[in-house]
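Each structure below appears as structure tokens.
Heads up, the next two complexes both have chain A, just with different partners, chain B and then chain C.
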Partner chain A sequence: MQNTFRNLKNSPLFGIFIFSIAIVLVRLLGNAGFIKQSTIDFLSIVWIYTIVGLGYSLLLGYTGLASLGTASFIGLGTYLVSFAVASAGLPLVVAFIIGIAVAIIFGTLVGFISLRIEGMYLAIITLGLAEIMIEIFRKARNITGGDGGLRYESFNLFGFTEGANALMYRNMVYFIVVAVLVVSMILFLNIVNSPTGRAMLSIKNSTSAAQAMGISVLKYRLLAFVLATIMAVIGGMLYMPYFEYTEPGIFNLAISLNILAAVIVGGSKSIWGVTLGTFVIFGLKDIVLKQIPFFRTNGNAVYFFTGALVILIVMYYPGGLVKLFADLKIKIQGWIKLWKTKGGKA
Partner chain B sequence: MREIINLLFLGLQDSAILALVTLGIVIIYKTSFTTNFAQGSIATISAYTVTALFDTWLKQYFAFEQAWIGLVISIVIGVIIGAGFGVFIDTMIIRKSKYSNPVSKQMITMGIILMISGLISVVFTGLRMETRTPRALVPWNITLKFAGQPNLTLSGHGFLAIIISAVVITTIFIALKYTKWGIGVRATASNEKVAGMMGINTKMITAMSWGLAGGLGALAASLYAPLIFTLGPDMMVIMQVNGFLAGVLGGFYTFGGPIAAALMITFARVIIKDLLFGVNISILGSNIDQWVLTFVYFLLLIVILIKPVGIFGKKIAKKV
Partner chain C sequence: MSKVIHAEHTLDPNVILSVQGLTMKFGGLVAVDNLSFDVKKGEIFGLIGPNGAGKTTVFNCITQFYKPTSGELIYRDNQDKVVKLNHVKVHDVVRHGIVRTFQNVELIWELNILENLLIAGHTLYKSNFFDHLFHTPRYKKEEKVIREKALKVLNDLGLTQYMYFYPMGLPYGVLKLIELARTLMTNPKLIILDEPAAGLNDLETEKLTETIRKIQNEFNCTIFLVEHDMGLVMKLCDTICAISFGKKLAIGSPAQIKADPVVQEAYLGGE
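The block that comes next holds the complex of A and B.
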């Protein structure tokens, strides 16, 4: 019995299990009135961006491709779900399937571009692609509503709508986001710990060496882009039921940069790194810093510190914040050892 | 004739500013081997500084007719501040990460974008300057008369932007060709280590290039803000994207290529827009002439995909 528990504890899924229970509990505590409801609501956004960040981490952390098109794919997701549900009248599940299909097409396209254009130029080209997408959102007025944005407030999540039962609707949004997050985390772990993940890492370290080992650069780059795009589009599709509003101006360069910052700050190779980073970048401002008077009036000042954090971490601590914990653990273990041996001598 | 002059003027006016931005990006690329994503942000914060200096401080000391003196002073200060930002970023940040790869240097410049956007919102939000762009530079416009056609009014500001930009770019090209600094830049660009061995102070060259790029960005933004009548944290994003695309299209290997590409992009946009103006075709709710930017970007991407090294670039063989 003890052995089984130990085995369970050592399984990587155990952490995800504990984490998901914890974040569901936080929500329930919020419902019971122990924590402020509005604060809890921001968590949904953090988890949505974590899903996007996980996809981006496959791209940046594992395959070494710096893309700046993430935000436009989130935007694509919001418009897709609005179009499918509001205009075409499809159920949400079908909308998600359509979203994934579209994401696969777009991801393959960008992936093929990444084969022609490498390294530094890729960021530029994806930035250009993002601009094209935003231009299309702006100009395709019949579908997207143009600059005025698109509002759709009657999403039906398993029978709950905002109008009929706002609290349950908000809860449903949160729980769906958490469910998708958990699935993405498990998927991420499985990919990363499989030959696929190792192939991606080898491509990041040296394309030529990877090719020499018989790894198809085409296949894994496409895969990384497709997965990242799917996660970004799904993030967008979850974003829409939460905000119930979208416009081209939201998904600008700043969001792409913030997702990049989140992945780098937290640690681009681990689910906990991405989660931590996303919380620092997207959650800290609205959940923690709002309590400080300076930040209440100058909310965007937080960008200054996140920018500084990104620079410091890229320059001096490429492992990210999550490595800080691992390093601290080793240090403390070392101290304990030292203290024990010293104690023994005395 | 009227139409041609108008198109030429509009195209030159936009490409003058784009060329300044592009030149800044290329100079940094050549000496630091990274693409500076913060170019637009440095330019934006400088434009904010120029407006703040002129609008809240210098304006009151001059009569309306002499207001341009105040504006020139603020633009000079703004350019110096932009250059200062550039030098600071190079000496304090980029130089310290010399041995990291180009992509992580790119990420550092992306971090700088975030820092500057935070700085802008803290320092300048209270001043509410979104529409108070420094536009008193040239209060007069140029009117051309044509027989049998309505008069053509060209904005004096645009005219000035073209002249300033042409003078600045020509000066830099001459300096690159004939001065010691120019030789240093070209040597550093072709091989930093060997240039260092030959006694060129590559650190100095790199810092000066960043300063120059910052100054060029500041000048571009100060001239651009009055043209679009807004001052915003995102005002230079589109210019910067165009600048990068011009760099890739022209190939980062020469100084002239990207400038030529900047001219091509702008003229393509202006001319296609003019040709399609009034054509009554609606695509997804917008008239066809509003889609020009998207078409031009698509065209650009296709050209870049066919020739990734750029139309003026040459393929460089790489040792593994």
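The block that comes next holds the complex of A and C.
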């Protein structure tokens, strides 16, 4: 009995299970009035960007490619879901399937153009493509609303709408985000612990070794890029029902850079690293630091704080925060052991 | 692909790889110049030459890392089919049973030794991306079989103790052995070793010699190697081809090569 529990505890799914209970609890505590709605909204942004970050982690952490087009794909997701639901009148589930299909096509297309190059050059090309996309969002006014933005508040989430029952709608959209996050985490773990994940990692480490072992570099780079695109589009498709508003200006280079920073700060090869990093980059300033009077009066000081954190981690802890915590844990366990043996002798 | 196979090339049944008139130019530099030789089935074939003679370039041409400027690479694959390698994609070469190692070890530093071997078994997996995404029973069964194969190879080469280690920090001799173990995961017919003894001490070199012999006998492979360590080459190889500045100097048994005046001149600078 105890053994079964220990096996369960050591399974990576256990952590995901506890985590999902915790974040569902946050929403329930919010309903009971213990947590402010604004805090929950900021947390939801963190969960949505964590989903995007998981895709980006496959691209950067496993395949070793840096793209700066992430935000424009999130933007694409927001417009896709609004268009499919508002203009074409499709149910949300169908909109999601269409969104994923478009992401696959789009990712493959962009990937084919850009994946023959790597490193800095890939970042620059994807940046250029992202700017083109944002420009299209700006100019295609009759679909996207242009710079004026696009508001749509009549999403129907399994029978719940904002107009009819706002509280249930708020709950539903949060739980959908949590569900997608949890499924993404599990599938992420499945991929990285399979030949596909190992093939990606071998491309990052040595393209020659990968090729000599029969791994097609282009195929796996393309796969990673398409997966990252799908996750970004899904992130956008969740963002829209949650915030019910999108505009070309939101998903700019800053968001792409922040997702890159989040994945690096947290630890680019771990689900907890990505979650932690996204929290630090996207959530820390609004959820934690704004509680401190100094940061409340000096609003922009938070950027110095997060900026300094990024520099410190990249310089001294390239493994990311998750590595820092793992090392701390080992150290503390060592201290406890030492203390116990000393106590035993005395 | 099928066109290539139908275009029958004649190959002596005892020969596994025939290099015919291989030339590789980088701009104005001729790295390999009209080089021809045959590697016989089951032998250990050594390619020697002074620094910069173009040995590694020959390897890179055979394994399609470079596309040769001209010349033909004819190979008898695991189904006894004759294949012209010039048309094979670099990542498909291993599927024909040709596997190589690298001069400076190219391991996957972020994976442990066991996983490094699983990477080498990549072409053995029949399961597709969706099997991997959902960890289907089909994939799990396959993973178990390939993992067992990896454990067996590790055991054969005496590497079991390093199974869960990461390559970083392991002795160079061990890393070289892991690369060798990796080649065995691919069910090879022809193993190409690029300076297997470089950077090893005498003891490690001796162990390596034994291991290569063991691989030749137990796994029924042909071995084609480039090496600077003359002692190793003379002891191990059945046939040796000496090249200099991309041109063939001589080919023959170790004794013949040792006695050849042209080879001596290239190595010792002549009288």
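Following the convention adopted for this analysis, the second predicted complex is superposed on the first by the 327 of 346 C-alpha atoms of A that agree within 3 Å, B and C clash if a C-alpha of one lies under 4 Å from a C-alpha of the other, contacts with A are read in each partner's own complex, and residues count from 1 in each chain.
Simple rule for what comes next: a residue touches a chain if its C-beta (ideal position, glycine included) is under 8 Å from a C-beta of that chain, and two chains touch if they have at least 3 such contacts.
Since we're looking at a predicted model, the values are computed, not measured.
Superimposing the complexes on chain A yields a three-chain arrangement in which chain B and chain C fit side by side.
Of the two partner chains placed by superposition, only chain C is touched by A:217; chain B is not. In the superposed model, A:132 lies in contact with chain B only, and not with chain C. More residues of chain A lie in touch with B than with the remaining chain of the pair chain B and chain C. Once the two complexes are laid over each other on the shared chain, residue contacts for A:187 go to chain C alone; chain B is not touched.
Using the contact criterion defined above for the overlaid structures, shared-chain residue A:20 touches neither chain B nor chain C, since it reaches no partner.
In the superposed model, A:31 lies in contact with neither chain B nor chain C.
In the superposition on chain A, A:264 makes contact with chain B only, while chain C stays out of contact range. By the document's definition of touching, of the two partners only chain B reaches A:253; chain C does not. Look at A:208: by the touch rule set out above, it reaches both chain B and chain C. Contact with chain C, but none with chain B, is seen for A:199 once the two complexes are overlaid on the shared chain.
Between chain B and chain C, the minimal CA-CA distance in the chain A superposition rounds to 8 Å. Once the two complexes are overlaid on chain A, the chain A residues touched by chain B in the first and by chain C in the second are 208. Per the touch definition, chain B reaches chain A in the complex via residues 34-35, 37, 93, 96-97, 100, 102-104, 106-108, 110-119, 121-122, 125, 234, 237-238, 241, 244-245, 247-248, 283-286, 290-291, 293-294, 297-298, 300-301, 304-305, 308, 320. Within the complex formed with chain B, the chain A residues making contact are 64, 66, 113, 116-117, 119-121, 123-125, 127-129, 131-132, 135-136, 139-143, 146, 208, 252-254, 257-258, 260-261, 264, 298-311, 314-315, 318.
Taken together, the chain A residues at the contact with chain C in this complex read 187, 190-191, 194-199, 201-202, 204-206, 208-217, 223, 269.
The part of chain C that touches chain A in the complex is made up of residues 63, 65, 89-95, 99-100, 102, 106-111, 115, 118-120, 122-123, 125, 127, 129, 132-135, 139, 143, 182, 186.
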